[in-house]
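Read through the structures below before going on.
What follows is a pair of complexes built around chain A, which joins chain B in one and chain C in the other.
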Partner chain A sequence: MYKIAIKDLNTLFSKIAEEQELILPIKKAGQYNFGVYEEGCDIDGILTNKTVKSGKDAFFPQFETLYNVRKKITPADELENGEEAANTKIRTKLTIEAEALKDKDFVIFGMRACDVKGVEVLDQVFLTDPVDNYYKARREHGIIVALACHEPEESCFCTVFGIDPADPSKSKADVATWIVGEELCWKPITEKGEALTKKIESLLASADDSAVDAEIANITSIMDKLPNTKLSLEGWGKGKTDEKFNSDVWQKIYTPCLGCGTCTFVCPTCQCYDIKDYTTKDGIQRYRCWDSCMYSDFTLMAGGQNRTSQVQRFRQRFMHKLVYFPDRYDMYSCVGCGRCVDKCPQSLNIVKVIKAFENEQKEAGANV
Partner chain B sequence: MQGLIDRLTALLSDGTVARVIGWKKGDMAYNPEPHMFETAESLKDFVYDGFCGANLSKMMIEASKLEGKTAVCLKPCDTYSFNQLIREHRVVRENAYIIGVGCRGKLDIEKIKKGNKGITSISGTELDGSDDIKIETIYGDKNISYKDALLDRCHVCKGKDHMIFDEVWGESKDTADQERFAEVEKIEAMTPEEKFAFFRNELSKCIRCNACRNVCPACSCRKCIFDNTKFDAQQKANVVSFEERMFHIIRAFHVAGRCTDCGECSRVCPEGIPLHLFNRKFIKDIDKFYGEFQAGKDPEAQSPLTDFTFEDIEPGERG
Partner chain C sequence: MCNCGHDSLVPQIGIITGITQETPDVKTFRVNAPDGGKLFEHMPGQCAMVCVPGVSEGMFSITSSPTNKEFQEFSIKKCGILTEQLHSLQVGDEVTVRGPYGNNFPVETEFKGKNLLFIAGGIGLAPLRSVINYCLDNRENYGRIDILYGSRSADDLVKLKEIQEVWMKAPNVNVYLTIDREQEGWDGHVGFVPTYLKEIGFSTDCIGIVCGPPIMIKFVLQGLKEMGFTDEQIYTTLELRMKCGIGKCGRCNIGSKFVCKDGPVFRFDQIDELPNEY
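After this line comes the complex of A and B, so read on.
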């Protein structure tokens, strides 16, 4: 275990950024979002404030080019054969340039235990067959420095999914850190984490492992007091498709849903994307971007399928997190970060959905 | 609030209305949600407090198509949106029974959360509540003034009168204490470079969730141009950095002359982008070039951008 004074963090960040790209929460126009560290960027409050988006972009960006197709037409007078010169098809050459995979290490600082679990969820999808090369390259080169949640918020409920926000060393992060008084404690967990620590050792002082015990105990007791950490997942998970899919609760609760993409875009685990071609001046840019099951054109097929109403789209999102994903990968794909709870314009969210089903069950029980 | 619930219950029970659009109690201290109540019994979950900022007028587009009348709770500023929707033939006046609910300004939870984490309860935010609200958090309790926690839009309140209603419940208060166009003037005074930097900084946060569009009562097209799948660009991502600006500017143009300045776009933006500034700039210019105009004040009034007069300003003139 190591430590560094919080007032010296900028020196630490600057040192890390000397050797590799550093992504961390940055305050910009009043909001906290993960971004690339630059000298002079605003890091005030980044240790204690929840970012709007989760940091998922570091591994799976909202928008990325997959490849470019370029068209080159040789001018007619450069061709000797007259017949060839007259044929535009022959004169046109297409070249395909695949976007380079990430080949340099980078550090992402300040993810929370829930965010790291979110990456684990993405791993299930992108690192299993067929493997997503773009994602895999970023995962291989990314070094995650996770931060224990010094001040959990009322929207947090990660413990419901078995995540420990007090001790990120239990997560899949490479380094775990804690705020202890005026210092940040730093504990490498993996080989990657050890290697990073070695590079910045000159800035760190050694600390006793027990230095973080009080902080862990404190966070754990705060989590106990938060309203949503008592949420019950009974009735969700594997094998519940028919029961939950056909429930009439969806119809009762979906109405306020605007069909915007806020919940999906701030979510650390939403992994659906769309692929499209963008016509540029001299070719085509094939790109992919996050999609949202809340949008009317999500998985839209020529025949007008797949989901034609907002209640179906609404149901899809929660069924995916709480039933389909557990069915397929044996884990929930909600990590309880609470961002949708904070950000839904209509104050609808996964917690309310779970509670609505729980109430329905109770009422049904009372009526028997 | 019980008086309002009683009145709504009576309206439902005597068959005046078939349903009620209002707000349903949240599961936290500050998150009531817009809701359609279909039975008198379900009104036990009805709530009306400082966090009922959502403008419910747009929900009447769908409710207008249903059998029977719908009671809809509208705050004074929401009634402007409703009038505008009547003018655009998007809602059917006869199918609505408008309860003009009193308003003393609505609260901005983002402002309250700054410095107040772990909120377990907030009290005193009802219409007849106190000047101070009490915030209890797991980290300690605090009192703050209701006024300091108001949404920005309430500081430029359009007034306490409902523009359209069938009956009014509760007293309203004009909460305006700032110049409506002060923020716009501040930006107008910037150099072009400063303006560009300001908007780029704000709009670069945009995550293209479309919450601003979907909540906007003026954005009531059955199918948005940005949802067109034949588009090269996407409505869900910024393909080029220009796009994040383009989307919002096109939207501002599209709602120009129709935007009532209800401020929902800025209220719902997950990234806190002051989107209302675009619309308010248009409103200011319309006032200047065509004479003072408030969209939604009178559903019969001529609209400056869609009605031609010989006095209209010529393109290129700057007044």
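After this line comes the complex of A and C, so read on.
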């Protein structure tokens, strides 16, 4: 265990940024979001405020180029003799230039235990066969420095999913950090974390492992008092498709949903994407961008199918997180970060869904 | 899964080496790799993403059989933005192709040694043609083959020449053709596929393989059940919107399955277990 004075963090950040890209929460237009560290960027309050988005962009960017296509169009009268030009007015020749994979290390500082768990969820999708090489390269080169949640917020409920916000050393992060008084405690967990620590050792003082005990105890007691941490996941998980899919609760609760997709964009685990072409002056750029199962054209086909109503799309999102994903990957794809609770313009969220089913069960029980 | 080393989402270039106008709105495209060989090896029922760069990309079943060692074929109906662009292409033009994707009909396992009953409607023949030709090229591995194929009109029967000249002449193969409405010059059967199915009345000593418009599948399934077929002996393919083809982008998700990766081939008892959203 190491420590550094919080007032010296800027020195630490610029030291890290000297050797590799550093991504961390930055205050911009009154909001906290992950961004690339630059000298003079506003890092006031970044240790305690929850970012609007989770930082999944560092591994699965909101927009990324997959490859470029160059088109060479030859009019028929310019085709060389001997080339088969029957019925051919023009001839289109293509070349494909794949986008380079990430090949440089980078550090992402300030992810919380829930955010790190979110990356673990993404791993299930992107690192199973066939592996997504764009994602894999970022995972291999990314060094995650996680931060314990000094001030858990009212919307937080990560403990419901077995995540410990007080001790990120239990997560898949490479380094765990804690705010202890005027200092930041720093504990490398993985080899990558050790290597990073070695590079900045001159700025760190050593500390005793017990230095973070009081902070861990304090965070744990705050979590205990938060309103959403008592949620029960009973009745959810593997094999619950029939029971939950056919429930009439969906119809009762979905109506406020505008289908705006905000919940999917702030979610650390949502990974649905679109693939599109953008025509540039030199050719065609094939890119991937985040998409949302909340949108009416997400699954729309020429024949009009499927999930044509908002209640079906609403159900899909929560069934996917709480039943289908556990069926396929043996883990929930919600991490209880509370961002959808904070950001839904209609105050509709996964906590309300879980509670609605809980109440339905209670009522059903009372009627027996 | 994919021949491209960089990533599964990066396609290969395919050259259109032949185009056949099958019906007024269906063309069959023959596709080769730039070096003249096949783009990849596939199994019957598998699909590939075909793209006109700058327009769109779509999942199409590979209609040629893996036993064809020269090229791959896609029979494509003109019905949207991408397919219209594909129909405007000419021999020598290039598209991008990635795949093959998805599972396949169990031609080497469950189908082996069995009698097979193929039931197709319209462009639904495209995925089944791959299986039929595979079985005909390995004739000794399969029993009796019955093919019931129907379309709106005689002009809309895809691959009619091959049906008449190859399938109808193959040993122990019965082909039943039908069209929806009477038509001059057609002296074959007239009527919808599900109705004709009941009229013929197949015995249940076979495996049923059904592909066509959803409404046809629905009534064919009813018909087969009435004839005593069980869910476990009927196969079909599902089709949903797809972008990635590798079970990640989320579009074709039904329950815990992804049609692009776990499908497109499903047995009806497997479909019964899925939430009713397809």
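Note that in this section the second predicted complex is superposed on the first by the 345 of 368 C-alpha atoms of A that agree within 3 Å, B and C clash if a C-alpha of one lies under 4 Å from a C-alpha of the other, contacts with A are read in each partner's own complex, and residues count from 1 in each chain.
Operating definition for what follows: a residue touches a chain if its C-beta (ideal position, glycine included) is under 8 Å from a C-beta of that chain, and two chains touch if they have at least 3 such contacts.
In this text, all values refer to a predicted model and were calculated from it rather than measured experimentally.
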item: Clash-or-fit label for the pair chain B, chain C on chain A; value: fit
item: Which of chain B and chain C A:D291 touches, first, second, both or neither; value: both
item: First, second, both or neither for A:L300, with chain B first and chain C second; value: both
item: Touching partner for A:F245 - first (chain B), second (chain C), both, neither; value: second
item: Partner chain in contact with A:F63 - chain B first, chain C second, else both or neither; value: first
item: Contacts of A:A195 with chain B and chain C, given as first, second, both or neither; value: neither
item: Angle at chain A between chain B and chain C, C-alpha centres, nearest 10 degrees; value: 100
item: Touching partner for A:P256 - first (chain B), second (chain C), both, neither; value: first
item: Chain B versus chain C as contact partner of A:V36, first or second or both or neither; value: neither
item: First (chain B), second (chain C), both or neither touched by A:L127; value: neither
item: Partner chain(s) touched by A:A205 [first = chain B, second = chain C, both, neither]; value: neither
item: Smallest separation of CA atoms, chain C relative to chain B, angstrom; value: 8
item: On chain A, the residue positions that both chain B and chain C contact, one per complex; value: 274, 277, 279, 291, 300
item: Of chain C, residues touching chain A in the complex; value: 1-2, 6-13, 53-57, 79-80, 89-96, 214, 239-241, 243-244, 246, 248-253, 255-256, 275, 277-278
item: In the complex, chain B residues that touch chain A; value: 26-28, 31-36, 54, 113, 117-120, 137-139, 201-202, 204-205, 207-211, 213-215, 227, 229, 232-239, 267-268, 270-273
item: Residue numbers on chain A that touch chain C, as the complex places them; value: 66-67, 69, 71, 83-89, 91-96, 98, 101, 125-126, 129-130, 132-134, 241-242, 245, 271-275, 277, 279, 283-284, 286, 288, 291, 293, 298-303, 305-307, 312, 316, 319-320, 323-325, 327-328
item: Complex interface listing, chain A residues touching chain B; value: 28-31, 33, 52-53, 62-63, 151-155, 222, 225-227, 255-256, 258-262, 264-266, 274, 276-279, 285, 287, 289-292, 295-297, 300, 341, 343, 345-348, 351-352, 355
